[in-house]
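First chain written, first letter: the chains are A, B, C and D, and each begins at residue 1.
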């Protein structure tokens, strides 16, 4: 742990759209953190950093950043396929790690990371399932803890993106892991978290291509559904879509023996309601950025607190392994048409 | 009162748009009532009745209908200027009376009707403030009675019509009594009813012409606002509009010392929510017909029950007088720019 | 068909809670219908009829009612296990039939009814899937027809009852057919109807017992979920529950390529919103009666129109067969843990 | 103006509850600002600053802080009665000024500040009407600018606090200026801003004491209403309350010739909806802190941008004068029972 009084010195790795958000949070909005370094192989991204983060050291390659002795923690916002190795490299260099989800698309690789990370108990590793830090998800979690809905036994959760007519995610399909590992992995983590971390026992998945025929050759779909059974009679239903007309519609419901809660039932962008010839309406959050802007910030603040000696916060490597394990089973079920026992 | 076992024989007077609704309710949907007669001077309206109400006797003039001995009650859906005299004529003919609001646009005339009606204690007279029978308004009233919001001390209420580009109500302006007597009179009745029938002590009104300049010559406005003070520190705020873009937006709020209630906060037409490029939206009730369809029916059922010996239900002549008195004061305040003491 | 001008003479069979609602609608609120007869083996139910329906002939057994030549149509609100035979008996007696859902819990029996009913093309048979007549469901259907959400490809639908601590449905479990045939059958019909009547190809179901352990011995659950695949890449997800804390929460969502619609997202009982120490809240419909009161009425009106020569309205025997077939497959999948191919 | 590249050095004055929020924003969340100094006469507040703001110079009196040459701007979160003189003192010391609302409770004093401030055109002065920076209010403003509701002609706006049984504001009544100057002043500013800064011509106000009789001796009320007329036929209705049961319920509605918008119709605390024995409900924001947390931050960011040479943002001294002028007229109308012409 870092001394409580001093700043946690962070190096961010990857300065794409999401990386920049993280970098700006770390630079300006997280008391107790200093963004001292950033790394990207892309010249245009480094230029952005030069303009926006004047006191940040810039690196073109990850190894050089890891050599920087004046960095306490790395913040990985890199392609998913690099996560596992980059986490291990960082641990070996003695640095705490925050890594965007997923840990890996491969269960065995997740397990290898966990095994090796166990050798570095003094270093924090958190995987970025940011919904755990969204104030509304957190409020729901706290209510469950307080017993206000009785025993929670079912979660329904969805990750639905606004349709991108350009079909960016179609080009991304070969490496995304498919809709369940790319999108539903968040819902899986939410379900486990809100249901008390039960072990999943069986999944069944289905899906369809509503608009993006280009996905067919990769065995992927643009709308996927799944049922997940957990031990103790707990259940989850998942829905993921790439084709919403109205915006990013991400939300969850948790049902207990004495009540239920929805988080984000209507994905309203703000508190404005418009009354006009279309009726009475709320505009919607266009992407997950707008929806989870605060969550990304609180996530960063919590990680910095943890590094300073506070409680572990957010998803552990073990949580991330479970999300990948369940997501992979859903992908397998979609392909085979059969339930997959875990 | 009519004997409990037999049907109340009703004659409806006036078969315009609203009159037809009443006629159909009375003919088909009110157990214990028989629509035995209808009256209209308009040939096209009588033809509609011939087609739709096959067993109903038809009259061209009101006096003939009153001569019909086999009618227990008249149902007046006629121009406002006729209401007072028609009520008196019906009472003199020994018939119960349901009359659409308002009783009269003239306070003195209201008082004359009340004075004479007192001579017919065996006959029921109800003025059609149908919101008292809307299930949601009724639910709010019952909660207040049960004490669930403490002592109610303030009502905010509005009657807002969808804009009619043809400006029908502009042509109607010379006889409508103005926006407060035509529209807010409902809100006034709601406020009195929900606040426990306090006596109004003072009003102040203002207004503007947003779209319909033709109203100016009649001293009327298409958007009017008012504050009404009642004895005991109770208050009401009113808003009436002719220019809504999204539909008929009629609703009320009652505020008490331990809670508040809104009735009809969003004027949704039904339970459908649409999610598309406009956001997430509810379509709205286009007119008061759609909004208060059930209220008109329950109102008719309640009147028939009252005639059969049940409790008086709905607004009495005294209630109607108060609504006219307060509405007239609001019109006077709009014209003078000064508060009017009642 | 009955002559357009004359009344359809109806005999209602079964005067339990739902039967009485139907009887009152037919007696008082359906123009063109006369409730001329009623039948029940239960003395207390006949007494209710004597008090409430004074001009209705009463029978103790179904055969006697069928012998009544002055009945055009029977209205069956009887135990599900009797439906199939009673429909056939009515057809043989030359009477139109309205029958509450389900047609039968047995697919083969459904098919036998269809085969024999084909011999009576002049007689109308409708199965009471009332949601098709709910104004909000109807509005959603009409919008889909108008193309406003593009091509609909997915339905999510649920039937969730308020928890009954007495567990009436546990005692009912031996004959109810289980949660899917008792509850989800409505959602199945909605999904088929809104998706354009596609053929179901495969289902997978799961479930849990949250509160009512007594169901276990019958292989039933109090919370069930299912995925149903239809031809053409269409999908449905279903949820049924007996354990809601807040009321009857029945609703559906239909998702298309250009938009989505929810019907009944919040099961609000009325238009009142209460603001107090609990926050801002809407009370909920306690049972399906309150939620679908209008639908039952419109359903009756539509059936009477159909008998008088109008278009077939509501679910046909073929629709009812499909609902039973899919519901049975869901039950089988729940028991086996395997998907069931149709 | 400060050089664009360097940090704006801010000294905060007043470290009460709201002052601390401002201080934390300036210290940690406003890029381009440094909180270099803080001032309070209260020892406990200085201790808080010592713990929370380690690199901030602390002063016990305002004059000493103004003597600090290394401060570019002061941030006044002090009692309202001190605002006017403190602003002038800061300007004379060559410092930019952000000052919490209101500028003053006295119109003449407002005018004196404006007159003298005109001698310091190089210094920025902003009064903290934070709603202008709330993302939802801002979104509504931008839509109006884009013409999406046609010509806005009416605003309804309210500031309603959760009831404080301890009646803190009763003790505060002698100096608060009364409910209109303390609460409605925000609504007045919103109305002017959303309606295009029209000149107010006349106001009428009323009010009642629902719960806090202690206000009576100060001529104040715990629920106040007002109508404000502006030139060009524009109108506003205001409501302020101290006695809400459900939370801080602050919101506005703007009505135009082609549509309307509400901002904050339901004061939901977050995106969680709870379904339980109370119905379906949203918990509410308890105080204006929770509701406007983001607005306070964006306000600070905008002020710092303005000091660095960006556009003036937020309410000017002239805006603040108008808010006070209208609020004073409302107070006068409440006292006299007569409309007040401006």
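FYI, a contact is a pair of C-beta atoms (placed from the backbone, for glycine too) under 8 Å apart; a residue touches a chain by one contact, two chains touch by 3 or more.
All values derive from a computational prediction rather than experimental measurement.
A count of C-beta contacts for the chain pairs A-D and A-B puts A-D on top. Using the average of C-alpha coordinates as each chain's centre, A ends up farthest from chain B.
One finds 42 Å separating the Cα centroids of chain A and chain C. Each chain gets one centre point, the mean of its Cα atoms, and the points for chain A and chain D are 37 Å apart. The mean-CA centres of chain A and chain B are about 56 angstrom from one another, to the nearest whole unit. Those residues of chain C in touch with two or more other chains are numbered 149, 244-246, 258-260, 265-266, 269, 273-277. Every residue of chain A that touches chain C in the complex is listed here, in rising order: 149-151, 153-154, 156, 202, 204, 206-211, 223, 225-227, 229, 233-235, 237, 239, 241, 243-246, 255, 257-260, 265-266, 337-339.
Interface residues of chain C, counted against chain B in their complex, comprise 27-31, 135-136, 139-140, 143, 148-149, 251, 258-265, 269-277. Touching chain B in their complex are the following residues of chain A: 244-247, 249, 266-269, 273-284.
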